[in-house]
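In what follows, a structure is listed as C-alpha cells, so that the remarks can point back to it.
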Amino acid sequence: MSTRLSNAQIAWRAAQDIEDGAYVNLGIGFPELVAKFQPPGRHAIFHTENGVLNFGESPPEGEEDWDLINAGKKAITLKPGAAFFHHADSFAMVRGGHLDVAILGTYEVAETGDLANWSTGPRGVPAVGGAMDLVHGAKRVAVITDHVTKDGRPKLVERCSLPLTGVGCVTRVYTSLAVLDIEDRHFVLREKLPGISVDELQGLTGARLVIPATVGDLVAPEV
Amino acid sequence: MSTRLSNAQIAWRAAQDIEDGAYVNLGIGFPELVAKFQPPGRHAIFHTENGVLNFGESPPEGEEDWDLINAGKKAITLKPGAAFFHHADSFAMVRGGHLDVAILGTYEVAETGDLANWSTGPRGVPAVGGAMDLVHGAKRVAVITDHVTKDGRPKLVERCSLPLTGVGCVTRVYTSLAVLDIEDRHFVLREKLPGISVDELQGLTGARLVIPATVGDLVAPEV
Amino acid sequence: MDKTVPDLAAAVAGITDGMSLMVGGFGGSGAPIELIHALIDQFKATGSPGRLTIINNNAGNGRVGIAAMIDAGMVEKMICSFPRSADPRAFTEKYLGGEIGLELVPQGTLAERIRAGGSGIPAFYTPTSYGTDLAAGKPIAEFEGRHYVQERWLKADAALIKAELADLLGNLTYRKAARNFSPLMAAAAKLTIVQASRIVAPGEIDPEHVITPGIFVDRIVEVADPQQEEALMRDGVAYA
Amino acid sequence: MDKTVPDLAAAVAGITDGMSLMVGGFGGSGAPIELIHALIDQFKATGSPGRLTIINNNAGNGRVGIAAMIDAGMVEKMICSFPRSADPRAFTEKYLGGEIGLELVPQGTLAERIRAGGSGIPAFYTPTSYGTDLAAGKPIAEFEGRHYVQERWLKADAALIKAELADLLGNLTYRKAARNFSPLMAAAAKLTIVQASRIVAPGEIDPEHVITPGIFVDRIVEVADPQQEEALMRDGVAYA
C-alpha cells in the first residue's frame, strides 16, 4: 500500500462526499480533478466564476471555443440545462451561499478554519482571483491538499503564517494521509490511511488532532 | 387668453424640453400626458420602473396584455428596440443616474428643490412606490403642477409642509402659470403667461421669485 | 436531477406559521395566483400557514391572490412599496383596523434589498429616502459630499414565483414585464417555489436566454394556463 | 436615434490622458481587441491617451490587447483581481520595476463594486476579504453576528465592450461566457463604447433576450470578425 494518496486519489475521495444534484465550484488547478471522479449515478452541477452553470469536460484539442472557458481560462463544454450570466450574478451565487460545496487547494489551513491559499508573501506579483469570495461562498468549504509541503513541513497548522484568504471558513480537509473535519477550532480526525499510526499522523500535523472513538480507514482506488 | 394652462398644456410645455433620444421616466398619472406631446422628429425612449424600456402607447381596449404594463398598471405596447429587465436592473437605471429626465407631479415643491409628492399626512394608507427613487434618478428632475392648490394655496413654497419625497432634487418646475428653474435655493422665473404680471405671480407663490432681466412668454397651443 | 413536483399542494407544502414569504409580481403581471390559492386551500383545510409576512410590491387587489390571503386572515404583516390598487379593500380595511402591519419601502430600495439578500450583501447605501420619514432611525453616511441611507438585506423563508418556461433543473424564463421582482426573489428565499406555464427538458432553453439559473430554484410545478389577476377581477372572483 | 459610429478611430475618440477605463473580458473571452488596438493606434499617432487606469479582471496576456497597452506605456495603474496569465510579461516586468501601479481586488468584490458604480450604490458590505490583508484600512461592521468589509463603488470615464449583437439603439447581447464583466462595466462608465460582431435594426433582438439595454450604451462600431486573444497569441502577434 502506498504511503500517501496521489493528487488524483485525494480528488477521488473528495468527490465521494458530493451529493447528487449538488452545486459545486472547484478551484483552479488541482481541485478541477474532482470533477472526474463523480460516483456513478450522481450528477453535480458545476459553477465557474466567469458566468457558467452546468459545464462539462474539456473539448478535444483544436475544437476549443475561447468564449467558452472556465475560471482557469481552460476551454470547457456545456451540458444540457446550462446557463450563462454576468459576473455580478455569478458572485451573487457565490457570496449569497447558493453553492453547496466549494473545493479549494491551499498552502496552509489552520485548526480555526482559517485558510491561506492566495499569496506566498510579499515577493512577486500578487493575484487573488475569486479565492476570497469562494471561501464565503458555499454551505461547505473543503480543502484538498498534500498533508505536508514538499520539504516536509505541516500544511495543517495552529495558525496560518501566510496571508489569509479567509477566516474560519474551512469545514473539511482532504489530505494525502487523512480526512479531517474542523469543529470547535480543532482538527477532528475522521479517516486516515490504514498504514499510518495516529502518532505518526500527529507528528506530520502542526496542530493537535482530536481523535474520536471511531476513525475510518482512508482507502482510495488506483485512479 | 386663458388665465391658466390646462394640464395638457403644462404637459405640452414640459415635452418641448425633452431632447431627441432622451431616456425619460414619467410619473404615474398627470405626467404620463407628456408622452403625447413630443415635438415632431423627436423620439424619447420611455422607461417604466417595472422593467421596460422603449414602450409606446396604450393598446386598443380589449387587446391588453396584462404582462405588459407600466408602473401605473396600465396596459402598454412596445416600440422596436424595447428591452425587458428585472426590478433591480430597472432601479439601477434610475438610481445610477442613467435617465436624462424624470417628470413628476407634486403636492408641494420648495425653493430648496425639496419635493413632497407621496403623502398628504398620517391619515389613510401610506404608499410611496418609486417616487423616492425617481427623485434621485435622473440628470434632470422636473415637476409639472398647477401653480396653486384647488383652494388657492401656493404649491411652490419656502419649505414643504408635507412629508418629503426627496431633498434638493428638483431643478425645473412647469406650472399652470409659469416655468421656473431652481437655482441656488431660489425659484428663478424663466417664463410666465403673458396675461399675468410678476406681482400677481409672486402673490400666488409661497416663496420669493428671482426675476432675471429676461422672462419669456409662456405660450402653449390648445391641445 | 428533476425539481418538478406533482401538483400545487406538493409545491406549497412546508410553508408554516410565522414564515416570511416573497411573492413575485407587480400588480397582476407575474403574480403566481395558483400557488397563492393553493396556499389558501391549505390554510382553509388545516388552519396553517398563518401569521405570514408577505413581501411584494403591492398589497393585493380585489378578492384574489394576496388580497385573498389577507381576507382569509393568513397575513400578519406586509412589506411593500405601494399598498394601493384598483380595489385595495382587503388590505385597507385590516390596516385601518390595526389588524395588519406594514413596512413601507421605496420600490427601488425594496428591489435592491431583495437583490442584496440573494447576493450575500448584508447592507448597502442608497440616496433614496435620505431626508424623508422613511429614513427615520437608519444610519446615514456621507460619500463624496452626498448623504446616503444604509439599508439592510431582505431574505425570506420561501418565495412563490411565476415563470413562463422552466426546465427540469429549474432554469427559468419570464413573460414580458412579468419578470419584475421574480428573479430577485428566487435568489433571496431559502425555498423557491415556481409555477411555470410549461416545463421543458434541460437544453430546451438556450443558455443565453436563461433569466433565473436553476441554482436559485427548489420546486417547479406546471400550471399550463395561469389565471391573470385582471381577468379574475373583471369576473368578480373572490377566492378567500 | 442611431448610436453607430463609422469606424474604430471614431469609436475611441475623446479618451484622454489620465482617464479610468473599464475593459470588458475575462482572459480572452469578451476582450474588445479591436477597440484596444484602435486606442493604441491613437496613442502611437498622437502620444495620447496615456497615464490610464485600466479596470479588468486580468492585466493582459502576451503582447496584444491590454498587454500591448502596457507595453506601449499607456497604463499608469491596473485595478484587477488576477494580474497573471499564460504570458504575463508585460505587466510583471513593469510592476516589478515599479513602473505601474496595482490595486488588487477580489474578483467578486471587483464585480460588485462595478455593479454598484452603475447602480448608484456608493458603498456596500461584503464578507469577502474580512480578516485578510486586502481589507486593510477598510471600515468593518458587524451584522447578525458576522463581520463584513465596507467596499466602495467603482466607476470609470469610459468602457470598452465587446458584444455579439447590437441594435442601433445600443441594446446588446453577448456570446457565451464572453458576457462576464461587460454588462456591469457598460453601466458603470460615463462613455460606453461597444464593438459588436453584427449591428441590427431595432426590433431584431427579442426584448426578452437583451442583456445590456441601450440606455447604458453610447457608441457602437461593427467589427464583423473580431480577433480572439488566444489565436493572436498562438500566432505570436505583438501589437504595441
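Per-chain residue numbering starts at 1, and chain names A, B, C and D are given in the order in which the chains are listed.
Simple rule for what comes next: contacts are C-beta pairs under 8 Å (C-beta built on N, C-alpha and C of every residue); 3 or more make two chains touch, one makes a residue touch a chain.
Note that the structure is a prediction, hence the values are computed from the model and not measured.
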Using the touch definition from the top, list the chains contacting both subunit A and subunit C.
-> D
In contact with subunit B and with subunit C at once: which chains are those? Just list them.
-> D
Go through B-D and A-D and name the pair with more C-beta contacts between its chains.
-> A-D
Give, as an integer number of Å, the spacing between the C-alpha centres of subunit D and subunit C.
-> 35
Distance between the centres, which are taken as Cα means, of subunit B and subunit A, whole angstrom = 56
Would you mind pulling out the distance in Å between where the CA atoms of subunit A average out and where those of subunit D do?
-> 30
Where in subunit B do residues touch two or more other chains at once?
-> 52, 84-85, 88, 91, 94-95, 136-137
Residue numbers in subunit D touching 2 or more other chains?
-> 112, 115, 119-121, 126-127, 174, 176, 207-208
Could you draw the chains as nodes, link the ones that touch, and say if you get a line, ring, star, complete or other?
-> other
Using the touch rule from the top of the page, what pairs of chains touch, sorted by label?
-> A-C, A-D, B-C, B-D, C-D
Which positions of subunit B touch subunit D when the two form their complex?
-> 20-21, 23, 43, 45, 47, 52-54, 78-85, 88-89, 91-99, 136-137
Counting only contacts in the complex, subunit C reaches subunit B at residues 26-30, 57, 81-86, 88, 91-92, 95-96, 102, 104-112, 114-115, 126-134, 174-184, 211, 228-231
As the complex stands, subunit B meets subunit C at residues 48-52, 64-69, 73, 84-88, 90-91, 94-95, 114, 119, 124-133, 136-137, 163-167
Inside the complex, what are the residues of subunit D that reach subunit B?
-> 1, 115, 117-121, 167-169, 171, 187, 201-203, 205, 207-208, 210, 213-216
Complex contact set, residues of subunit C against subunit D | 112, 116, 119-127, 141, 143-144, 146, 148, 152, 173-174, 176, 207-209
